[in-house]
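Below you'll find the structures, each written out as structure tokens.
In what follows, subunit A forms one complex with subunit B and a second complex with subunit C.
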Partner chain A sequence: MRRDARWWIGRVVAGVLLGGLLLWLPQSYPAFRVNQFSLVITYAIAALGLNLLTGFNGQISVGHGAFFGVGAYTVVILVADHGWPHFAALAMAMLLTFVLGLVVGLPALRIHGLYLALVTLALATVFPQIVVRFRDLTGGTQGKRIPRAEEFVAPGWTGLANDQWRYYVLLAFAVVAFVAVRNLIHSRAGRAIIAIRDNETAAVTLGVPHRAYKVLVFGVSAMLAGMAGGLAKFYDPFVSSGQYTINLSIILLVAVVVGGTARILGPAIGAFLVVFIPIWLPEQYPQLSGVFFGASLIVLMMLAPGGILGLGTKLRLWASGQWRSRRPGPTSLEPGAVASES
Partner chain B sequence: MDLALFFQRLVDGLGQGAIYASLALALVLIYRATGLINFAQGEMALFSTFVAWMFWDSGWSAGAAVMASMVLSFVGGAVIERLVIRPVGDVHTHALPIVIVTIGLLLALNELAGWIWGSEGRTFPRLFGTGAFTVGGVSMSYQTVGVLAVLAAEVGLLFLLLQKTKLGLAMRAVTSNAESSRLVGIRFGRVLMFGWGLAAAVGALAGSLYASQLATLDRAIMLQLLVYAFAAATLGGFDSPVGAVVGGLVVGVVTVMAGGYVSWIGDDLKLGAAFMLILVVLLVRPQGLFGKQQVERV
Partner chain C sequence: MHRTRPAGAIIALITVLALMAAACSGGRDEGGTNTTGPGGTAGGGEGGFSIDLANCESYQPTQGVTEDSITFGSSFPQSGLYSAFAKISVGYEAYFRYLNETQGGVAGKKIKVITRNDEYLPDRTLANTQELVQKEGVFGMFNVVGTPNNLAIRDELADQCVPNLFVATGSPRWGEVESYPWLIGSIPSYATEAAIFADYLKKNKPTAKVAVLYQNDDFGESYLTAFRAAIEGSEIEVVKTATYNTTDPEPRDQITTLAASGADTALLAATALKCPQSLNLIRESSWNPLIYISATCTSSTVVGLAQPGANDGVLSSIYLKDPSDPQWDDDPAMQQFRQFGAQYGISAEDLENGIVGYGWTMGALLAETLRRSPEITRQAVMETAYSLKDVQVGLLLPGVTINTDGAKDPFPIEQMQIGRYNGKYWELVGELTSLEGKSGQFTK
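== the complex of A and B ==
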């Protein structure tokens, strides 16, 4: 695709504006709001991992909340009980969830679509019970806390409040993760990952080592979820078994689908919405957001499988009259849309 | 080894397993009709069980309340198939969207139940009373005997329906070859709606039996029942009703035995044992004990 100067200028301006906004946010909001933004960042990283697996590789997981939980518990236990520094504990959490992802991904080679969803859903259901079973280590339903003296705080030279520092550190991790996944998708490996999703048999015929890719993608995806869970314990030092239920797994799935599957920035938009929609909805109906999320999964799958970013692309193509020329597939040729613009 | 205790656990396990088998039957009915695993089956059962509880709470007898909820669930299941599942597309080409839709349904139904009936636990009636009789040192509660009797009756009726009626023949035709069944004039959509309705009614019964076993009903319980039913259907084979029954009973006995004899597992990891069973079966024999092997055509 040929890209002219205008396209590049637009890109750079949008990037600078977005970057400026993200850097400016913690300066102008109170600490509790900044912590909510930090939560958005962790969900965005976890959803990025899930999107790599589900959106780009076509392997569904309803169990990423469990990987998120493993990452969180690893950081809290290593910091609180063994005195590890936060970053070392985070590295350990990533390593652990990567290996765990490989272990869950291995059966995924033989288990397709529906059954993989089944296994991961069972994993998400079992995880809180495993936490309770090993309550000596995890604190069980009572939970476990990083002691105040060990919490992750801003170094003196920054002059930042703790919540601001934590936000910036999380943001830095998120930027690295998003750029890394973007580059991965645009590489030879990324094309192989997408080819496996679109037609596994054809990909194998063309010599793509699909087994290695599928297992590795599962590992990397779980690692991103584990990293997000670990990072969440940088600003919120408490874990308990009730935090990492199936609902977290489903909410991560909602974030991917709402933002747009197989879109790099989709998870970020989705994560923002799944964090802030419950905050915006009236407080007297705490179940309302759950009903809303469940219904939105159903409605989006029927009407706009591409999510919000997919809608944006459709609109842009429609507005610029390129619908027919850029999307020649029979599925996207909607006579009504084409006729109305001519 | 204490034999009486062993037989006690065997009986308890069969009692639990009959309930798992009941929900697994609902899963299998939908899988056979549409080739789809219904992840919302447990929460549909939750909703139905709350409806049964509502009737019972307003003064109906427990049996009548469950019957009424089964009838309403039949209608609800058929409506869900028509309005939520079918518009998404065929499961063979749209597996991922349909899985996501049923997971959306799982979340929405669970939260909706919490919204309507609250999150605190409700007392659910014992459908078969609280008594028990003793056979050779093993205590058989009326509940366990009743649940097993209900399962037997359910299996018998389903067998008659599937094998001896024209409707059952149509359902089996849709299962074995959807396209040809259409060509010979079977009302394909109607049969699918009927299959979903039937599964919802069977699931409603399973949910009521489960709540009656626990004597309490809250919106967290059906997810666990669903995982046990998954284990049962996976073990038996997702396309086999016989497999669902055998699988359910085996899963019930295995989890009760594992929880009782392996102190490392205890009560906390019974569900974990079911999860391990799912993994092992899918790795060693993905089609289950009674299922037909899927042949992939390119």
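== the complex of A and C ==
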């Protein structure tokens, strides 16, 4: 279908507005709020990785919090104990989580659906215990911190406060990651990845090397989560065993689903919501915060079963009167086929 | 094939914009109003301890102080596994209400505390603290719960020269005053406690063979290290040690190993659920040692979880009057706690809870520190906290006085008495033991 002028204008306007907003945020908000935005960015990158795996490739992982944790610990240990520069440590964190992702991805060749979810669940549960077991390396329950003098700080020439600089650096990484994943999805490899999700047997018949793809996608997905964890240590230099539990894995999965499964920007919106919904909730009843959070997610999913971005599509279709007649095509980028994978 | 979706993108954008607008309020305000440059030290509290402001990134001496109030922030678990600690705030909030209403606070300023829930997660503690200091503009932090949680915030608060007063954890690391003069502890360090138990054994069981169960982290190791240091030169020996991880379901194997060692004394450097579990497991075995449990388990909500009989005669260290102990019925401090505590918001059930009594005592300690401070600035208050002399407040046991002197004597409470649990409350045994000014020597 030919893209008309309206499409381009919409794109450009949306892009400029969104870009301007993201660049303007740290100029306008105090440091603690900017740090919360930085947290959104790290969750968005991790959820982007998870979305690539779950949304586009149909492999469920409930263990991405562990990859996030590995990335975070790698950066803290290398910077704090071995004096590595932050970016080198981040590269190592990505390499390490990529390899770890490949290793975890191997059993995924034979295990599908819920069983795979269970394997990754084990990963999420075991990670905090491993941290405690290797206490000399990790700091255990007391945690480990990048010394104040070696924290990631804004260079003098920028004239920025540390929190602002960290936000912009994280944002740059996020933009690169999102563009890269978007391009991947729209490439030949991306179509193969989606074909495996929609009908693996058919994909194999058509000559898609499904094993290689599945393992590689697992690796890249884990690498993105590890990168997010490593980047988180650019603005929050502390790690401890209680931080990267199964809860984080679930939060990431929630971010993917709430934002819109198999949507490029879905994880970003989902990450924003999972960070800020608990902050908006009333402070008077802290014991109920989990209940409120859960309830708001249920309401959200009832209003927008396809995620926030799915809601956008739905509204547009409804406005143009096509809602009833819409059916997703077999190679659709949209969700819908995910859940029905055999 | 790509479909055109201009509306989708715009709707998404509008959603994000709306959410952003809802999420946030207020513009960025760089630099405080009353920032003074780093520099000289004003005369501090009553003692000789002084803090150099030269290392402060920005020093705002009176943030959070108004004509008639002074606001503190606190962060602790209010939901989740560790939410029992939230009971501490019940105690100090009632104390501050009582103080504000009956005496108008301290020096005409009412004490307020803004609390945030961190679910015991250090990164949440950090985010909460940043919000409390930057947005709520608190004077300082007060009674933040948890060792990792305080480790996560201590560097940042030190650099901004914001007081972190009377933290609710007993890590020996709170003695590092040279590097971290802006943090002060409250409860006796775990090392102090172990040394006091060693002292009890020297007097009452001088040839004890001790088996130690300890949590596999700094908390558990603090006990073991300090206990070993304290028994040096005596005939007491550690015959067997075993560790558990906080994630283990129960220390069954460990207790079996320790029971087989032939030890006649058990030191349980365990906390939370592992305390009653260990007591039950020992009860189930044929082992019958003299048992000491960590003071972190003395709350009736923890030690009371053991099976009937399993906690009988168990020892621990006590520094507060137990509200359940009838011997304090006529004690003025206890009567004040009961009467005003009930009047200012403590439920009948909570009045019996030792951890609420601790909160009440911490409230009184903060008020006393502010009272003694020559002026209400961050520097003066912190210097006063590290120069306290003979403070006897709240429900502290008779003879327990708070003395601090900077790096020479960083720990506020260093006197404890061995208590024996009788199924209802802790009966005091023997004499109060004082390690005043000596706690530091057991840390390594």
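Here, the second predicted complex is superposed on the first by the 299 of 342 C-alpha atoms of A that agree within 3 Å, B and C clash if a C-alpha of one lies under 4 Å from a C-alpha of the other, contacts with A are read in each partner's own complex, and residues count from 1 in each chain.
Heads up, the rule we're going with is that contacts are C-beta pairs under 8 Å (C-beta built on N, C-alpha and C of every residue); 3 or more make two chains touch, one makes a residue touch a chain.
All of these numbers come straight from a predicted model, not from anything done at the bench.
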- Please indicate which partner A:Gly190 is in contact with in the superposed arrangement: first for subunit B, second for subunit C, both, or neither. neither
- Please tell me which partner, subunit B or subunit C, touches more residues of subunit A. C
- When the two structures are overlaid on chain A, which partner does A:Ile279 contact: first (subunit B), second (subunit C), both, or neither? second
- Kindly classify A:Val132 by the partners it touches after superposition: subunit B alone (first), subunit C alone (second), both, or neither? both
- Message: For A:Ile298, using the defined touch cut-off, is the partner it touches subunit B, subunit C, both, or neither? Pick first, second, both or neither.
- Response: first
- Between subunit B (first) and subunit C (second), which, if any, makes contact with A:Gly290: first, second, both or neither? both
- What part of subunit A is shared between its subunit B contacts and its subunit C contacts? 129, 132-133, 287-290
- Message: Going by the contact rule set out above, which residues of subunit B touch subunit A in the complex?
- Response: 36-37, 39, 84, 87-88, 95-101, 103-112, 114-115, 223-224, 226-227, 230-231, 234, 266, 268-269, 271-272, 274-275, 278-279, 282-283, 286, 298
- Message: Going by the contact rule set out above, which residues of subunit A touch subunit B in the complex?
- Response: 54, 58, 60, 62, 107, 110-111, 113-115, 117-119, 121-123, 125-126, 129-130, 132-133, 201, 246-247, 250, 253-254, 257, 285, 287-291, 293-298, 301-302, 305
- Note on the structure: Per the touch rule, the subunit A residues reaching subunit C in their complex are 1, 3-4, 6-7, 9-11, 13-14, 17-18, 21, 25-33, 35-36, 39, 128-129, 132-133, 135, 140-143, 145, 148, 161, 236, 238, 240, 242-243, 265, 269, 272-273, 276, 279-280, 283, 286-290, 308-309, 311-313, 315-316, 319, 329
- Note on the structure: In the complex, subunit C touches subunit A at residues 1-13, 15-17, 19-20, 22-24, 26-30, 78-79, 83, 86, 116-117, 120-123, 126-127, 130-131, 133-135, 147-148, 151-152, 155, 159, 171, 216-219, 245-247
